[in-house]
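The same chain A turns up in both complexes below, where it pairs with chain B and then with chain C.
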Partner chain A sequence: MKTMRNFLDSLMKIMALVRKELLTILKDPSGRALLIGPALIQALLYGYGATYDLTNVPYAVHDQSRGAASTELLARLDGTGVFHRVATLTSSDQIAGMIDSGDALLVIGIPSDFETLRVSGQQAPLQVILDGRNSSTAGLASAYVSSIVAAYNQSLGGAPSVTIVRRAWFNANLESRWNIMPGLIAALSMLQTLMLAALSVAREREQGTFDQLLVTPLTPLQILIGKALPSILVGLIQSTIIFLIILFWFQIPMNGSVWLLYLGLLTFTVTSVGIGLSISAVALNMQQAMLYTFMLIMPLILLSGLLTPVRNMPEILQVATYANPLRFGIDTVRRVYLEGAGFSDVAYNFIPLVIVGAITLPLAAWLFRNRLA
Partner chain B sequence: MNASGFTTRLVALTRKETRQMLRDRSNLVVGLLLPVALILLFGYGLSFDVKNARLTVVLEDSSPTARQTVVGLQGSPYLAPVWVRTMDEAERLIRAGKTDAILRVPGDFSRQLADGNGRVQLLLNGVDSNTASTIEGYVSGALSTPVLQQADRTGNKSARAATIVIVQRTWFNEAGESTWYLVPGLIVLVMTLIGAFLTSMLIAREWERGTLESLFVTPVRPLELVLAKLAPYVVIGAIDLIMCLLAAKYLFQVPMRGSLMLIIGSSLLYLMVSLALGLFISGAMRNQFAASQMALLASFMPAMMLSGFIFDLRNVPVVIQVVSQALPATHYMSIIKTLFMAGDIWPDILRSCGILTLYALMLVAATRRKLGKTLE
Partner chain C sequence: MNDAAATVVAQGLRKTFVGPDGNRFAAIDDVSLTVRAGELTALVGPDGAGKTTLIRMMAGLLKPDAGSLQVLGIDLTRDPQAVQDRISYMPQRFGLYEDLSVQENLTLYADLHGVPQAERRERFARMLEMTDLARFTERPAGKLSGGMKQKLGLACTLVRSPDLLILDEPSVGVDPLSRRDLWKIVQQLVHEEKLSVIVSTAYMDEAERCGQVFVFNRGRMLADGAPAKLRAWAHGVTFTARPPEAMPARELQARLIDRPELIIDAVPSGGSVRFIRRAGEDEKQLNEMLHDAPFAPRPEELEDAFMMLLRQAEDKDTKAAAKPAYEAPRVAAVSSNGANCQPVIVVRDLVRKFGDFMAVASTSFEVARGEIFGLLGPNGAGKTTTFRMLCGLLPATSGHLEVAGRNLRTARAEARGRIGYVSQKFALYGNLSVRENLEFFGGAYGLRGKALKARVAASLEQFDLEPSAQSGILPAGYKQRLAMATGLLHEPDILFLDEPTSGIDPLARRAFWRTITALAKSGVTIIVTTHFMEEAEYCDRIAIQDAGKVLALGTPHQVREQAGAASVMDMNSAFIAIVEQSRAQRETKGGAA
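Let's look at the complex of A and B:
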């Protein structure tokens, strides 16, 4: 009976603190707007803007042959709907200008003896000049041209080559948006939860109210929970907004269990809040808290696998990313969302998350009392 | 008289801001060390170059022809093939996330190939679509070669007849190294981050503490205040910039084909824009909490996602292109990539620098307005 009363008492205290924290966030109209607006706008902007898929390749042609083969080949290129001819060059001097200015991503040069060579059964060279300033785009465009030429060769009765029948699981058309958007569910919400948590204690320190909080009957654990819950709540609400946009606006099919997705998000958010609160407890004022947060955010995002795969990193950095909750948050969301992975498939992601959370949260609570300015 | 008053006040204010900046050691250390740490971390860490891609091969046809067809997979530095016996086993691997792709050579492959209808199946894990496409490219490259050689050996000369071959040249980045375009892009991100985090709290803090109101009763004018707040951070940013450029050139061996003066000049211009943007946000939000969030959301995130850092702006819808053209980072991104990899392409550089100058002036003017001597 007594333990029950103690528990209820402690719960009431925490709820009072949570209410006060939520009021601090919500009482200011710009603060309210900052909770929903950025998640909404960013999900839409980056949903459309973050794509590796080639949809528009402006190209120029310098055709000195004007034979049947070159005409047919160019018609095939135009027929893809991806390649758009922006210029027909009359001299090879114009090539540099087209590429330098970025007006054309690639220039196709067809020599005057192209048709003669091809008809006489020799190899006819098709010149392709690419703008390598974005090597990803250049590589994709080059592969696309090769596949068109290969198909054309085959139609001419060329070498009997092996046909590759491709099937991609979980993302049949290999759309990069399917890869990036589920990652954003974790990444975008982390940005703000981390900041919210990082500034929460630092703000009170700066305003001097944290000392008052420390002399109340609240234990460090109760303060920790009271400070963490609102940020966790905000994080989950933001994740939900992004999740709904992806599901209903971008219509990327969800294959896994919503419960598992939220279990992953919850674990991930708690860990992020743990990092944020630790920053907050170390910082003496808001400027410092923000400084440390900014310092962490860039590595956390760029080394998470959101934009470039973790497996392409050097071994040492791959090991370092075990401390990055976003890596495992993103991996869990992607695998549950796209692959329909079950708990046993993603269980290994929870281990580093729980470990980081188990270190940062108690650390924050300890720092509350032991770091006094 | 008037002009000398301006100078005296500006110098005095700048001295005060510099002292304040130097007093907070953490600020200074982070401001100077972070850029170097970031560029090292990401220069090595970010890469699209897939090496040792995990491919599982299921060879259901054990004939010499089939073996000959897949032999090319092993020589490739890009592929790390693993051989398993059954399709079930391979599918288990892909589901467990232990392999990225499965290449299946069906039992009747050599018979079908003799009929001119050889087919292999490639199963990809499409979650990482970029890696999946890259692997597809590697596999098709590795497979086609042995068949051509074989055709030659059997004396079937017509196999090679009447084909068009591609003679390809990639300008500016012949080897297709992603580091070459990511590192200049990182300089943009670092400059953006520096600007956003160094200045975004400056005015908001004074609003919160009420010290700005005390300044209103002094002869200090808003423009002097803006310039004095920018000056010390321009110095920090310039040091950061030089360290980034050195790292790009000597550690990552990114070519610098444009003139160094232009690289430095345009970067300093962008630094001004970036610092002024942070200051403007600070002045507009009047609250450190909101200012820091806005700085992150309005300058850093768009610079990372929409400036052409990684995602090619040619591929995005028109609306997004309009948004990205409105970002100063997009223009600096295009200048710096061109200057590093292509060279001094004047028309583009002049246009982008013009836009950046406009932004700098507009932001300083707007911040000045926000600091007008009015009380709520």
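Let's look at the complex of A and C:
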């Protein structure tokens, strides 16, 4: 009975703190705007802006053969809708200029004996000069050219004995947007929750209200919960906004369970808030809290696998990613969203998340009182 | 121009600002004055009177909205640079470079002002000698004490010889010893170099040393003249009353201040109460009120005249002056278990170290229920550290600490539930309303439902607060009321007040102490830190700390006696004497070892 009353008492105190935290966020006009604005805008920006898909390749041709074979090959290129011819060169001197100025991503050189070699059934070389300053686009473009040439070869008969038939699972057209966007549900909301949590205690320290809070009978644990809950709530709201944009605006189909998705997001957000509150408890003022957060966000995103696969990183960095909750948050969301993974498939992601949370949250609570002023 | 002996001539000067509530207010309103050259001139007035605004206009940093302002015969609106080339101005917070040494700061300011190399050596030597900083030339400015920083600021301001020196509240936040040193320097400059100095201050004893005094309140000039002339205002109405045996002076003071129709002002001092009566009021009533307290006339002081001026202005502003600034609280908190002798705070061998630095060294004292206990000391003496340990904000390194019968090491949250805390700076949530702040802190102290509603309603009424007002834009006085209301919401046994009266005007200070007196009477124990030495007179007992050690502990009377002189000596001098005695002792000990 007594423990029950104590528990209720504790709960009411925490609720008073939660209510105060939410009021301070909602009463501030800029705070209200920050709740929805950045998530909405960034989701749209990433959706349209962050894509590796090649949809427009400006190219130039230096055709010395001017035969039927070269004309047909070029027609195939132009027919893709991806390749746009920006210039037809008359001399090889002009090639360097086209690439240097960036007017063309690649230049196709067709030698004068292309037609004769083709007709005589010999191997006919085709020169492709690429702008390597952007290696990934150049690579993609050259792959496109190869596949077009391969198709052209095939149409000439002499079908190769083995044909590769590709079926990309979970992302039939291999659109990079499908890869990136679900990851954003975790990544973008993390930016916001981290910042919100990092500022929450630092702001109070700066304005002197934290002392007033510390002299109340609230225990560090109660303050921790009272501070964490509003940030977690805001984080989940932001995740939901991004989730809805991806599902209904960009229409990327969701294959998994919404419940599992939210369980993953909740665990992930709690961990992010733990990191944010630890930063906040260490920082003396808001400026420091902001600085620490920005210093942390870059490596967190780079080592998360959001844009580049973790398994491509050097071994030592791969080890470092184990401390990065974003890596596991993104992995969980992607797998649940795209492949419809069940709990047992993603359970391994929860372990590092819980560990990081179990370190940062008590650390923050301890720092509330023991940070030397 | 025709008045060659005037440094500043202002005519109908006016400057308005937009307040935090979005409305325009006049910081300086229709002020005309003439400051004579070659002497020390004081601008006095409570905080927010417009002193800083006026000074910033004189220094050419603010443009007046209306009126004319001439400094050293030059029209400021036309040629501020010409004026700035000839004056030296020290703002309240002087821009010292904390990472540079004392010498580097001096050199930097000499460079900035283009002081010729040839003059520097002599000037630097003189400044360092005057400020007694010669020993510390290599020390980074950030590592100097508050008083030394202020002296270095003055030295940097004076690296060149100006025609006019303007100082904006140089003694704010400076302990009594450094304050005294600072004034010695300024007076020396006036006497030896015939320098014209304008200084703003909230201390009347400082204004008393000036040749000319201008009194400001809420942007208007209330009076001007030599201290003697102003003092004459209060002639014949100043008295001292001696309280009956066993009555603290503050209770007699409360009785007097509660009768504003008879009494203009009353303050406890040296075990008695100094008061100013309203001239021409009925002698009989006064005798009746003071039937048990013999009173006698005393010589008038500048402070008396100042308080009369302020009260007069206040009476004019609020027609119904009879109402005290806030009602004496009806605190029914005391769960009187009769154990009056039981101390509510027990401190034994309390120690706090920061690394190697001993902030508080083995301190012991007890505080009884209903006592007002004052912690006094220069900046950095350890009083804030002690205070923060007492209210549970800072863990102690070692020692025993008991608050309201609970050990602060083992039952922290429980002990905290029995104390209230009012910080120096307004520390409530500025963008929440008054009611939201009260409700939150009530909830944090475990109040809920009907009990919470009732306490919030009672506090709102008691402190006369508007529940829907946004806390952050309340006027300073109301902010403090809200802070007090919050600290008392859960009816604590002990109330901790950290420099509660810094930054509020003398009348509000009187009203504030009136509340404290009433609280103590109802059984609440008060722990207070203050840098206004005269406020120690309200305390039952005080502790004076320096360099982490308690130098004196006892009633104000005992402390004055320990200081060595007769009991008529004021608290300020007693404080200086005690700190100096101990510092001298430490030095001789250090020399012997």
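General remarks:
We take it that the second predicted complex is superposed on the first by the 369 of 373 C-alpha atoms of A that agree within 3 Å, B and C clash if a C-alpha of one lies under 4 Å from a C-alpha of the other, contacts with A are read in each partner's own complex, and residues count from 1 in each chain.
Just so we're on the same page, a residue touches a chain if its C-beta (ideal position, glycine included) is under 8 Å from a C-beta of that chain, and two chains touch if they have at least 3 such contacts.
What you see is a predicted model; the values in this text were computed from it and never measured.
Contact with chain C, but none with chain B, is seen for A:Arg19 once the two complexes are overlaid on the shared chain.
Judged by the touch definition given at the top, the superposed model places A:Thr216 against chain C, while chain B stays out of reach. In the superposed model, A:Ser146 lies in contact with chain B only, and not with chain C. Shared-chain residue A:Pro253: touches no atom of chain B or chain C. Counting residues of chain A touched by each partner, chain B versus chain C, the larger count belongs to B. After overlaying the two complexes on the shared chain, residue contacts for A:Thr137 are found with chain B alone; chain C is out of touch.
Within the superposed three-chain model, A:Gly79 lies out of touch with both chain B and chain C [touch as defined at top].
When the shared chain is aligned, chain B comes close enough to touch A:Leu191, but chain C does not.
On chain A, the surface patch touched by chain B in one complex and by chain C in the other comprises residues 28.
Against chain C, the residues of chain A that register as touching in their complex are 9, 12-13, 15-17, 19-20, 23-24, 27-28, 207-209, 211-219, 369-370, 372-373.
Partner chain B is touched in their complex by these residues of chain A: 28, 30-31, 34, 38, 42, 45-46, 48-58, 69, 73, 99-102, 105, 118-119, 121, 123-140, 142-143, 145-146, 149, 152-153, 156-172, 174-176, 178-179, 191-192, 195, 199, 203, 286-288, 290-295, 297-299, 301-303, 307-309, 311-314, 317, 334-335, 338-339, 345. Put simply, chain C touches chain A in their complex at residues 354, 388, 391-395, 413-414, 416-417, 419, 421, 423, 425-432, 436, 439-446, 448, 486, 496. Those residues of chain B that touch chain A in the complex are listed here as 24, 26-27, 30, 34, 38, 41-42, 44-51, 69, 94-97, 113, 116-134, 136-137, 139-140, 143-144, 147-148, 151, 158-174, 176-178, 180-181, 189, 193, 196-197, 200-201, 205, 285, 287-290, 292-294, 296-297, 300-302, 304-306, 308, 310-312, 314-317, 319-320, 323-324, 334, 337-338, 341-342, 345, 347-348.
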